[in-house]
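Each of the two complexes below includes chain A, the first together with chain B, the second together with chain C.
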Partner chain A sequence: MITVKNLHHSYSRDEKYAVKDVSFEIEKGEIFGFLGPSGAGKSTTQGVLSGLLQLQKGEVTVAGYNVKHIKNKMFNEIGMSFEISNVYNKMTAKENLNFYRKLFDVETREPEDLLEMVGLGDKGNIKAGDFSKGMKHRLTFARSMINNPSIWFLDEPTTGLDPAIAATIKDIIWKEKKKEVTTFLTTHNMHIADELCDRVGFIVDGELILIDSPKNLKLQYGEKFVDIEFVKDGEPIKESLSTIDDKDKARIKNIIDNYEIQTMHTKEATLEEIFIKVTGRGLV
Partner chain B sequence: MKLWYSFTKELKLASKSFYFYIEIVMAIIILAVVLFAIPENFSNSRTEYLYLDMPEAAKTVFINTLLDEDTDGQAESVDVKVKKEILSATFYESDDKKIYIVDDEDTLIKLTEAKKQLGAVIEMNETGDIHYKYYLQGYETQRLQNLYMVIHNNDMLTLETAINAQDVRPLSDDYEVFNDREHTIPAMLTFNGSLMGMFIIAAFIFLDKEQGIIKAYAVTASAVWQYLMSKTLVLTITSIITTLIITIPVMGLRPNYPLMLLFLITTGFFASTVGLLVSGYFRSMTKAFNVLYLLIIFTMLPAIAYFIPSWEPVWIKFIPSYHIIHGFKEVIVKNGDTAYVLLASLGFLMAGALMFIWSNHRHKKNLTA
Partner chain C sequence: MLKKIWAVYIRDLKVNTREFITLYLLLIPIIFAFVINALAPSINDTTVKLAMIEGDNPEQVEYLENFAKVSLYKDIEKVTERVERRDNYVGILPEGDGYYIITQGNEPAGVVDFTKALQALYVLDAKVEDSTAEIISFGMDIPPLKKMLVNISILFTSVLGGMLIAINIVEEKGDNTISAVNVTPISRMGFILGKSMTGLILPIYGSISIILITGFSHVNLLQMMLIVLSASLLSLLIGFVEGLANDDMMTAAGSFKMIFLPVAGAVAVAEAVSDKWQWTVWWIPYYWTYKGNDAVLSESATWPQILLYTGIILALSGAVFLLLVPKVKRGLESH
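And now, the complex of A and B:
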């Protein structure tokens, strides 16, 4: 559904690339996470893919359309949820959705249904300007589904939402996946990426470092750890030890043999830990 | 249909926006100024300070002439305060003049200097010849000074007879002369009706950029030109409303309203496309301010030429607002030059269309800026 070959983009139109030589493919129905710290090139890549930024160098096709020569009908296939909410503040939630649905040439969803989905069912007649930041974010998210997109761009979809609402948003993304909607998710929240994505790509300083599924990445780069709490000389002690490292393995054995174990849990490496290990960079 | 949806949405948003009401309020303020502050005809009344250095009999004849023209037929003794000094004078007032007669030349000089008005000493010698000595302010034009010198080469009676003997005939009796109030209308319509759109549309676009709304629009199946055109149409509607607010109370039904609407739409369209173009090259109103400020100054120059007809250099005719002002003048004057208005409308429409294409191209390339 999305093919990117040797994508380069420079805001100053010189050799200072915000994105350089990025290539990847996303299959139909896949949730692809594009992960990286702020300024890594996530939004630039998404901007080119969604037609907001002009394709300067490389080849990009989205839903079969060549992004070099964008046609308006391509946008019938695309939905986009922005990180920063951008709705008409002087219009109600329903008016916002009703207006946007008229700008597409395909069958659209009912605004009431979408508002219900994102937990704004009873707020349809309230002006968006009176919404909280989180509510506006949900309205922007709901708007991105108005045209039943087959390709869905989500930029930090759960940022600023409370855990319950974030869970609802994640459920919606899962449901859309079941309908074979292809999702391009940009985030620096590794937990969301871990939970939702079939594959993730790590981008740092405009370069795509690697692409794989979270499971494979954990197998390849992650170490399993054991968190042990035990009592030594009457004092409670907590240690986190690798199940791969020989020295740590011997230490685990020694603790089990000689001390009173209070708790013992195995723990997988997180995607964030893997990101740091692979790229040498944090996510902030 | 998408254009229609965008237009109705923009109209609804505009009706809730600050800028829309600024335009309406400005139109009402302009109307109030035109109706209540600008008189139908500016007063030509001038003030003169005179010292009559002549025999008593001649002075009496002169003063009797002033009294004949005086509005109440009576002289009035007045004290005029100049700095800390009180100066005495005799005051006469006719329909077009206020005359202060003083008793000596020193007083005359003090008053002329303090009041920044014309002062004159009228002398009559023993043979009955009259001489004039003028005290001017120094900034009078050479033309006026020449006129004072020429006018006294003949006696007033001869001059008046010569003036009356001249036959002045208009080439056509089918013309209309604006009063001073009506004379201001073309310039007012140009700036509040047509050119205001240039700034307001730029403000609307920058507001949308700031709120990211333009990005949301850009990822719909609607074309960018429809977004830009919907804004232009809204500005056209507000221009029509504000123009009618000013024109109807002042001019009544005399103007050619269908022609005025045509001219307003085409000139408003042109001005809006200039605003669209400017907004395509800058990220915010603050960054575009320098260019907008230059445009304000540039478009105001023809208004100076309009109100001071003696200053009309050829280059000023290349500034679009020159033709907008004169187009509106032809629209509101009885039997105005319809061909000029139609030709100017066509020119503005074509120029506007080219600018619109350019703006559309620019905005498409620059949606996230």
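And now, the complex of A and C:
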């Protein structure tokens, strides 16, 4: 559904690339997570794929359309939920969705149904300007589904939402996946990516470092750790030790044999830890 | 495509009716028209207003009413009170077999002299029919002041359309909604056209309201629309540029006021400067709009004249268009 080959993009239109030589493919119905710290090139890539930024160098096809020569009807296939909410503040939630649906040439969803889905069912007649940040974010998310997109771009879809609402949003994304909607998820929230994505791509400084499924990444790069709390000379001590590294394994044995263990937990490597290990960079 | 353009226009209209400043802009043409009606004299208005005593001499009142506006009061005291107000009322009061005239003292000399002459003509029993003068009319049956005010209002209305566009664009920028529209199947040109409709429909509705309310409904509407719409094209282009260049509504409206400088200059030169200096404002499209509308309101406009003025306005606007359109497109892409 999405093919990207040797994508480059420079805002200054010179050799200073915000995105350089990025290539990947996303299959129909796949949820692909594009992960990286701020300024890594996530939004730039998404901007080019969604047609918001002009394709300068490389080849990109989205839903069979060549992004180099964008046809307006391509947007009938695309849904886009922005990181920063962008709804008309002077219009009600329902008016926002009703206006937006008129801009599409395809069958659209009922605004009331979408509002109900994101927990705004009883807020349809309230002006978006009176909404909280989270409510606006949900309205932006709901709007991205109005044209039944086959390709869905989600930029930080759960940012600023309370856990219950974030769980609802995740459920919706799962439901859409069952309908074979292809999702391009941009986030720096590794937990969301871990839970939702079939595959993830790590991008740093405009370069795509690797692509794989979270499970494979954990198998390949993840180490199991043991967090041990024990008492030594009357003082509580806490250590985190690898279950793979020989030196750490010997240390675990030594602690068990010689000290009073207070707590001991095994811990699987998180996607965030793997990201740091692979890229040498944090996610902030 | 038309459906989408219409949707953009209706959205703007709906939002414009919810904001005081934009609602005010929408109503300005009607307000202008009523103010013109209230302030500008009609062709049959006289400049002399007389205050007299009720029932004193009905025959005299009937005679004077042919030439002046006569108001009747019950006694001398009331007539005096009326004359002492700030406007230009002159009192005619009986004294013995004759009459005397009272004034506040600050009336124009012509008003007082005309009152005296009227009183003398009444005493002499002079009739209009007695006049031997032949009247040769140039056919100017429209009050010049009223025509000028109507013309300025129509010009102002065609500029206001651009201001409304600027405000609507600022709203889109403030809400970050242009990027959301950019990922829908509406083309950039479709979106621009949808936004432009406000800048075209306001001048159409505004100028029609003004001419209907002020009593100019007999003018050639088609000629007027041609002139108004061609002037509006330039206003809406400036509206887009100002909207994209400013981040809040008040700044956009403030910046847009700059456009009133050439508008005012064009009107001032057209009205007050001799013919040999008119060329100094030929470069201002609104000068030709004013001239064209002046001819339409005077009912002296010919089609070749209107087409020439329209052509000049479009040519001048076209030059500005070529200069500014890339800026507008870039602005819409970057939001």
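Worth a mention:
Following the convention adopted for this analysis, the second predicted complex is superposed on the first by the 270 of 284 C-alpha atoms of A that agree within 3 Å, B and C clash if a C-alpha of one lies under 4 Å from a C-alpha of the other, contacts with A are read in each partner's own complex, and residues count from 1 in each chain.
Assume a contact is a pair of C-beta atoms (placed from the backbone, for glycine too) under 8 Å apart; a residue touches a chain by one contact, two chains touch by 3 or more.
All values derive from a computational prediction rather than experimental measurement.
Taken together through their common chain A, the two structures put chain B and chain C in a clash.
Of the two partner chains placed by the overlay, chain B and chain C both lie in contact with A:Ile78. Residue contacts after overlaying the shared chain place A:Glu180 against neither chain B nor chain C. Once chain A of one complex is fitted onto chain A of the other, the partner contacts of A:Lys102 extend to both chain B and chain C.
Looking at the shared chain after the overlay, A:Glu260 reaches neither chain B nor chain C. Residues 50-52, 54, 72-76, 78, 80, 82, 84-91, 99-100, 102-105, 140, 143 of chain A touch chain B in one complex and chain C in the other. For chain C in complex with chain A, the touching residues are 3-4, 7, 11, 14-15, 18-19, 171, 174-177, 179-187, 333.
If you check the complex, the residues on chain A that touch chain C are 50-52, 54, 72-76, 78, 80, 82, 84-91, 95, 99-100, 102-105, 140, 143. The touching residues of chain A, when paired with chain B in their complex, are 47, 50-54, 72-76, 78, 80, 82, 84-91, 99-100, 102-106, 140, 143, 147.
Those residues of chain B that touch chain A in the shared complex are 1-2, 5-6, 9, 12-13, 16-17, 211-213, 215-223, 365, 367-368.
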